[in-house]
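Residue numbering begins at 1 within each chain, and the chains themselves are lettered A, B, C, D and E in the order written.
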Amino acid sequence: MRVLRVPCTGRIDYMMVLKALHKGADGVIVSGCHPNDCHYTSGNYHARRRWMVFKKMMEVMGVDMRRITFSWVSAAEGARWAQLVNEVTDQVRALGPYTEFRQVIGAGIE
Amino acid sequence: MSRIGVFTCHCGENIGATVDCVKVAEMCKDIPGVVHSVEYKYMCSDPGQRQMQEAIKEHKLDGVVVAACSPRMHEPTFRRAAGDAGINPYMCEMANLREHCSWVHEKGEATTQKAADLIRVLVEKVKHNEPLHPIKVPVTRTAMVIGGGVGGIQVALDIANGGHKVVLVEKSPSIGGHMSQLSETFPTLDCSQCILTPRMVEAAQHPNITLMTYSEVEKVDGFIGNFKVTVRKKARKLDEHLCTGCGLCIQKCPNKKISDEFNEGLGTRTAIYVPFPQAVPNKPVIDTLNCTYYKTGKCKVCEKMCPTNAIRFDQEDELVTLDIGAIVLATGFKLMKTDAFPEYGYGKHKDIIDGMQFERLASASGPTSGVMKRPSDGRSPETVVFIACSGSRDRAKGVPYCSKICCMYTAKHAMLYKHKVHSGKAYVFYMDIRAAGKDYDEFVRRAIEEDEVKYIRGRVSKIYEEDGKLIVMGADTLMGGEPVVIKADMVVLATAVQSNDRSEELAQTLHVSYDSYGFFAEAHPKLRPVETNTAGIFLAGACQAPRDIPETVAQASGAAAKVVGLFSNEELTREPIVAVVNRQAAPVYSTCVGCFICQGACPYQAIEQEEIMARSGEVIMTLARINPGLCQGCGTCVATCRTKAIDLQGFSNEQLYAELMTL
Amino acid sequence: MSDKNIYLPYLMRIAEITEESPAVKTFRLEFIDEVAAQSFDFKTGQFGLYSAFGEGESTFCIASSPTRKGYIECTFREVGRVTAALADKEVGDIVGFRGPYGNVFPLEDWKGKNLVFIAGGIALPPLRSVIWNCLDLRDWFKDITVVYGARSVKDLVYKRELKEWSERSDIKLVTTVDPGGETPDWQGKVGFIPPVVEQLGLAAENTVAIVCGPPIMIKLTLPVLERLGFPPEAIFTTLENRMKCGLGKCGRCNTGSSYVCKDGPVYTLAELNELPAEY
Amino acid sequence: MANTYNLSHESLKGLFGSLRRDGRRILAPVDAAGRVELGEVEAPSQVAADYLQTILSAKEVAFPKVERLLSYTIAPGRVDLKDAEPRALPTVLFGVRPCEAKAFGALDAVFNWDYRDKFFNARMEQLAVIGLSCTKADEACFCTSVGGGPADATGSDILLTPIEGGYLAEVCTEKGAAIRALAPDLFRPGNGVDKAAIAAKVQQAFDQPALTSQLPGMFENEVWADQALRCIGCGACAFVCPTCVCFDIQEEADPKKGERLRCWDSCGFHQFTLHASGHNPREVQGARWRQRVYHKFSYYPERYDMLGCVGCGKCTRACPVDMNLKEHLIEAAGVKA
Amino acid sequence: MEAVIQRAKELLEQGEVKAVLGYAKGTGSARRPHFARQAGQLDKLVMDEACVQNLAVYVTKHEVKKLGKVAVVALPVTQRAILQLMAERQLRDGSLAILAVDDGAVKELDSASALEEHLALKAQVLNAKDKASLADLEAMDQGQRWAYWQKELSRCMKCYACRNTCPMCYCDHCTMDCNRPQWVPVASHGIGNLEYHMVRTMHLAGRCVECGDCGRACPVGIPVHLLTIGAEETVHELFGQRAGHKAKLDYALSTFKTDDKESFIR
């Protein structure tokens, strides 16, 4: 599991999730502080709305959303983060490589 | 930048135990752009930092990646070290090998490979780093304190004694706040007026403090160090400079039957009045709602009587705009009224009063000059019941929190009553006694043991009036919940402490966040209790949560220290991790299309409109511009912007894209 | 018969990097493949497409003279994705080069004539190539004058060569900076190029003028030359259109029916007057 | 007339079989969810029944929308360049209209003047075109105005014209002869048939040579801006056009490896000629629309002595805002210089 | 239609507007946008069921703005698009004379507030065909939907007709043109098409007035309008906000409620 560090969930652009999948990731965790205790007051509120719309759009386009996990984890919840990461990595390993998506990368070039 | 140095740290055993740091340093040598890669046992130690600095100078590095612990630990350390070695501190990034790799994996080839991968991610990021310089923001070294209670006065005095100008804005005609209404104060029972009045006078006469009483804050613009505050000076209807405060107008004013707010409605006052004898400034105000002249156009007695004819009936409110560097909110609290209790008769029983009304009864400057007389018929009450937690800790009343000060002042009220009516019987219905301050519990014990105040642990379910007596129906949970009925002459409810009226409106004016009860939200409960999330605005006292006087004064000095600290340097330097809207040469000017969707995303109102003018002065386009003073660098606007016109320095699109490309 | 892949660049190694001014660099590139090093030839005025592998290609002129063998030089300003990547390169790094493309300055026709080179800002590189070429064939030409201006002293490129040219007797160098761009110890002129050229009192007779610079400078300098009596056929310039293939295929660089990458980039004013003002 | 034959429906099926046996894939217009597009077929029955034209042009076979020009791997201090080989399968393009068959000539003119484009040539080498004359046309067609015709054989290796019970087959090129050689007996000696009678009637809309000579003089004319007022600057017309050849070269890479891709581009896009400095020689849509017309009707004749347009009308049919090229050309021709 | 032509003629002759933007007969049965700048060109204006294109796409174009004030024959979708453009500060009150056409009746509006009131009278309804297609999509499982979109999007050649015909895609420098960094690949290969259509859908979520022009504009008939209309309906379901209904910017993704309900964030 590799980490991309950003100051707040508000900074997370859905393009980053798409680029991660484009670069061959089989699973993505998108996470940050809980709503109401955002250090920047409302970053995660905006992120939540974005994620709600993004998730539905990805489902409509047929992306396997079992591979993308959204979760609120605050800086204090070290144990819960570890548990979440282990759970998600096991789940993604069980799902295996995301071949459906991989086939699209490099397709369509003569 | 392509002369990058990688410095891998063993962090003692924290990294070295599971990651082969020597091998990692070796592997990093062939990352494109890396010209120097070494490892060391403790990079953050002095020798470690010096080693890095020498390497920067010797290999003329223009970018540094320190692979060690979490950036939250030592990023400042390594950035300062890099800065001292001559490169821009923000060209130094940290790869977190500890939390992201060594601590979470066992020793092995894969762990070492992952460590190298993490470093490669940060090397790609550094290649896209731009040199950044701390943001310099000028500071106007004048503070504004909103709220003239004991907290506000203390803040004003501390800042003024720190050598800075202060403007103290108070909504009512005089400073003093709730404390000026109190008789004595716990736990020392020293007279509230005696300890407060000197402070009020000191504040009034302090050369650095400007009092703006009977004034309210109307509008706040600008940002930390550069606020523009518009204050509405409500018309006193008299010329303050001419008025000597002789009080003749007050004596002669025929309209004497107006309910006196200072005495919580127990006493009356004239239309032209001074809230209380020791008021500062001791200048009267005309109550235009009740003054006969304003109702019928006749009377004008005060104008005739005034020796310096200072009365100005047609005086208008005045709007004053001030340049302010920092603002401290000290707007205090209000008590829940007795009419909020259906079970106690909705406040129609005159002899059921709240804590502040009891203070006025007990106060020498009160309507009864300190003699215990019950409001209905003025007789001295033989039996008084005090009910703690009236409204507090009660979800149904919307006040689930504890109001903190009622246990103490209820014990005080009981003692004062017993001192004034030795033969009287005082009962206190309580749930728990919250007396956690210095000498607090001893004070309550004194009330119980010496003044024989009868404490009953239980709630009062109902009060009704029966032939001149108030029948208090409660229960004593310590005696198995046995019902207790007391025929009382007077009942004092220790009602809940709530946020002051219109506190939410004031918070919105200052763009300060507030909680669901209207109390202002502190930046961090433990680490930044006197600051808000809005840079340059601080908090003191009960406006933030129920507070007693000692805490309020302590917080006030804390807030003052923050302001004096802020004013201690000419300019304000802030982390340059802020968002920037791109600019280009004409004719494009920027890729921003001026839809201002980003403005909704910014909790700090840091996004302003900038009009691009043609030479002819005609506005070509309106673009977004981010105020570096206000922006806290969360990046929400960056992800909201459709055309990617905004970028966050330190976490720019190019940097994050480069990192993603190496995953 | 399978044709050669015309899009394959040569692999070049950066031999030397000169920092010309804050955002402008000059690369000296050497062919990695020995055969190419020997066989590669080009004429002054031609350009090429330079690859920053991983980012793309960008078009600049070949700034060195064909008379200097074994290497080519290019000068560019950091302004876009590719140029930013090139600017990050170090000596020894590998870049790509495709070319030479485009037409040439007709040195043959200029034999026995006076030459006047007028360049503004970052447009000196194409002229530098032809100036060095002429200096290496000095006896072909009568006197050579170079007028070079930039916004400020620090924006002047090829400072070393400007010094060298000023010390030579067989070339007259006039340098100028825009008003306000001069430094205390600046000896050259101060003023925009068109007035400076006007004051020089150049004789148009038997003289060829070569002008390169930003569109605004060209727009103001051409009338001056015409007033001095320069016929449109004797005024040469280069066009800086957007290019992608450089081979006359991708359809991007045309001004009117003329493909700047094939029929240009060198044009006479007469030819330009035929074309629509679409550059 | 080159040697003409009769080809019955039956023998056409046989011809398909022999072509398949010769290892060639056959592409022809097929019905796909209400649209007609090029698809691989085994037998004539799979070919779309009565269709005017495909939406996209057949240029895709020789000039695909995305193709790899080269790739490379990056390691510290070295770059390994790898040439790309186009995937050129032996192909027979069946049922292509005469205008599109002629269009390959226009592509060839650009791809092979001066430098030769190996990718286009490799595919063209493997390509044989069996054209099918048009028996109907619509308002957008104007092949007769640009030197073509509903039964014009230019560009076809074999041109079939539907007649009673089969087709009149004209073998025009060696490739055509090679195909016939695969199954010569299928081709009965044909009697003279007046193709014009069978072919669709396409009225000449404007005098093209006059327009071409008039264009240089009207570069600054307002007509282009007026016509382009409703153009939304998308690339639909360029991408469906059989003769549009403009392309972009895009680099896609990560720190370890990368490739250079050629993809279709359109002069209608605003960033086609945009400089990094923000300067754009064609700032407004009018200039870009003018470039499209001039390139095909003025610059092509001047440089390649042929037109850059075959009058197929695909652009008119594909345009979201109904920019009818024929109508605009008539209007332009009518403008007094 | 006469009422509209009559009003347009008056506006034109009094010099109130410099041009009238409406529909005219096109090739075959097609209808095309038509700019009438003199009274003479007015008679070409037609108004019937075939006129469906959202003319608001022109009101933000530099060339059209240079014409001066324009009168626009505005179907409900065009009205909604213009109101949304005003909310996003791309148009000022009075820069357009909006001839609102609602099943025959013509009403002249020239300010955002007037437009907002007018639009409030009629409920916005999704046409049956799109509703059915969206339902079909909903009914598929994840694998089928992926296959469906991969088959459709593989035919995309990135001619950007869907983007350029959309009134809400008025940015001069679109994310697709941004190459530092190159978030979305330019080439129209598998991943390039997928990411382009994903980004376009996200950019229209909460801003799309559901006119369906993008689907109609696609030369190869990819039903891209299902993506954007689907996203708009999602935003409406989740946050109760619709594009083109308010004069003041009411965009779901630039604001929030502290108690937005969702069930997938762990």
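Some points to look at:
Everything that follows uses one rule, which is that a contact is a pair of C-beta atoms (placed from the backbone, for glycine too) under 8 Å apart; a residue touches a chain by one contact, two chains touch by 3 or more.
By chain, UniProt protein names: C = FAD/NAD(P)-binding protein; D, E = 4Fe-4S dicluster domain-containing protein.
The shown structure was predicted, so the numbers you read here are calculated from the model rather than taken from an experiment.
Minimum number of contact steps separating chain A from chain B: 1.
If you take chain A and chain E together, the chains in touch with both are B, D. Among the remaining chains, the Cα-based centre furthest from that of chain B is the centre of D.
Across the two candidate interfaces, C-D and B-D, the one carrying more C-beta contacts is C-D.
Centroids of chain D and chain E (each the mean of its C-alpha atoms) stand 32 Å apart. With centres set at the average Cα position, the gap from chain B to chain E is 46 Å. The distance from the centre of chain A to the centre of chain D, with each centre set as the mean of the Cα atoms, comes to 44 Å.
One simple way to say how far apart two chains are is to compare their mean CA positions; for chain B and chain C this gives 64 Å.
In chain D, the positions touching at least two other chains are 66, 74, 248, 250, 254-255, 261, 277.
Taken residue by residue, chain A touches two or more other chains at 19, 23, 42, 46, 50, 108-109, whereas all remaining positions touch fewer. Multi-chain contact residues of chain B (touching two or more other chains) are listed as 588, 601, 640, 653, 657, 661. Pairs of chains meeting the touch criterion are A-B, A-D, A-E, B-C, B-D, B-E, C-D, C-E, D-E. Across the complex, chain B meets chain D through its residues 30-32, 120, 124, 584-588, 661-662. Of all residues in chain A, only 23, 108-110 touch chain D in the complex they form. Within the complex formed with chain B, the chain A residues making contact are 2-8, 10-13, 16, 19-20, 23-25, 39-43, 46-47, 50, 82, 85. Chain E makes touch with chain D in their complex at residues 26-28, 30-35, 53, 57-58, 61-64, 155, 157-161, 163-165, 172, 177, 182, 185-189, 192, 213, 216-217, 219-221. Chain B meets chain A in the complex at residues 71, 96, 100, 104, 114, 117-118, 121, 513, 533, 577, 601, 603-604, 632-636, 638-640, 648, 650-651, 653, 656-657, 659-661, 663.
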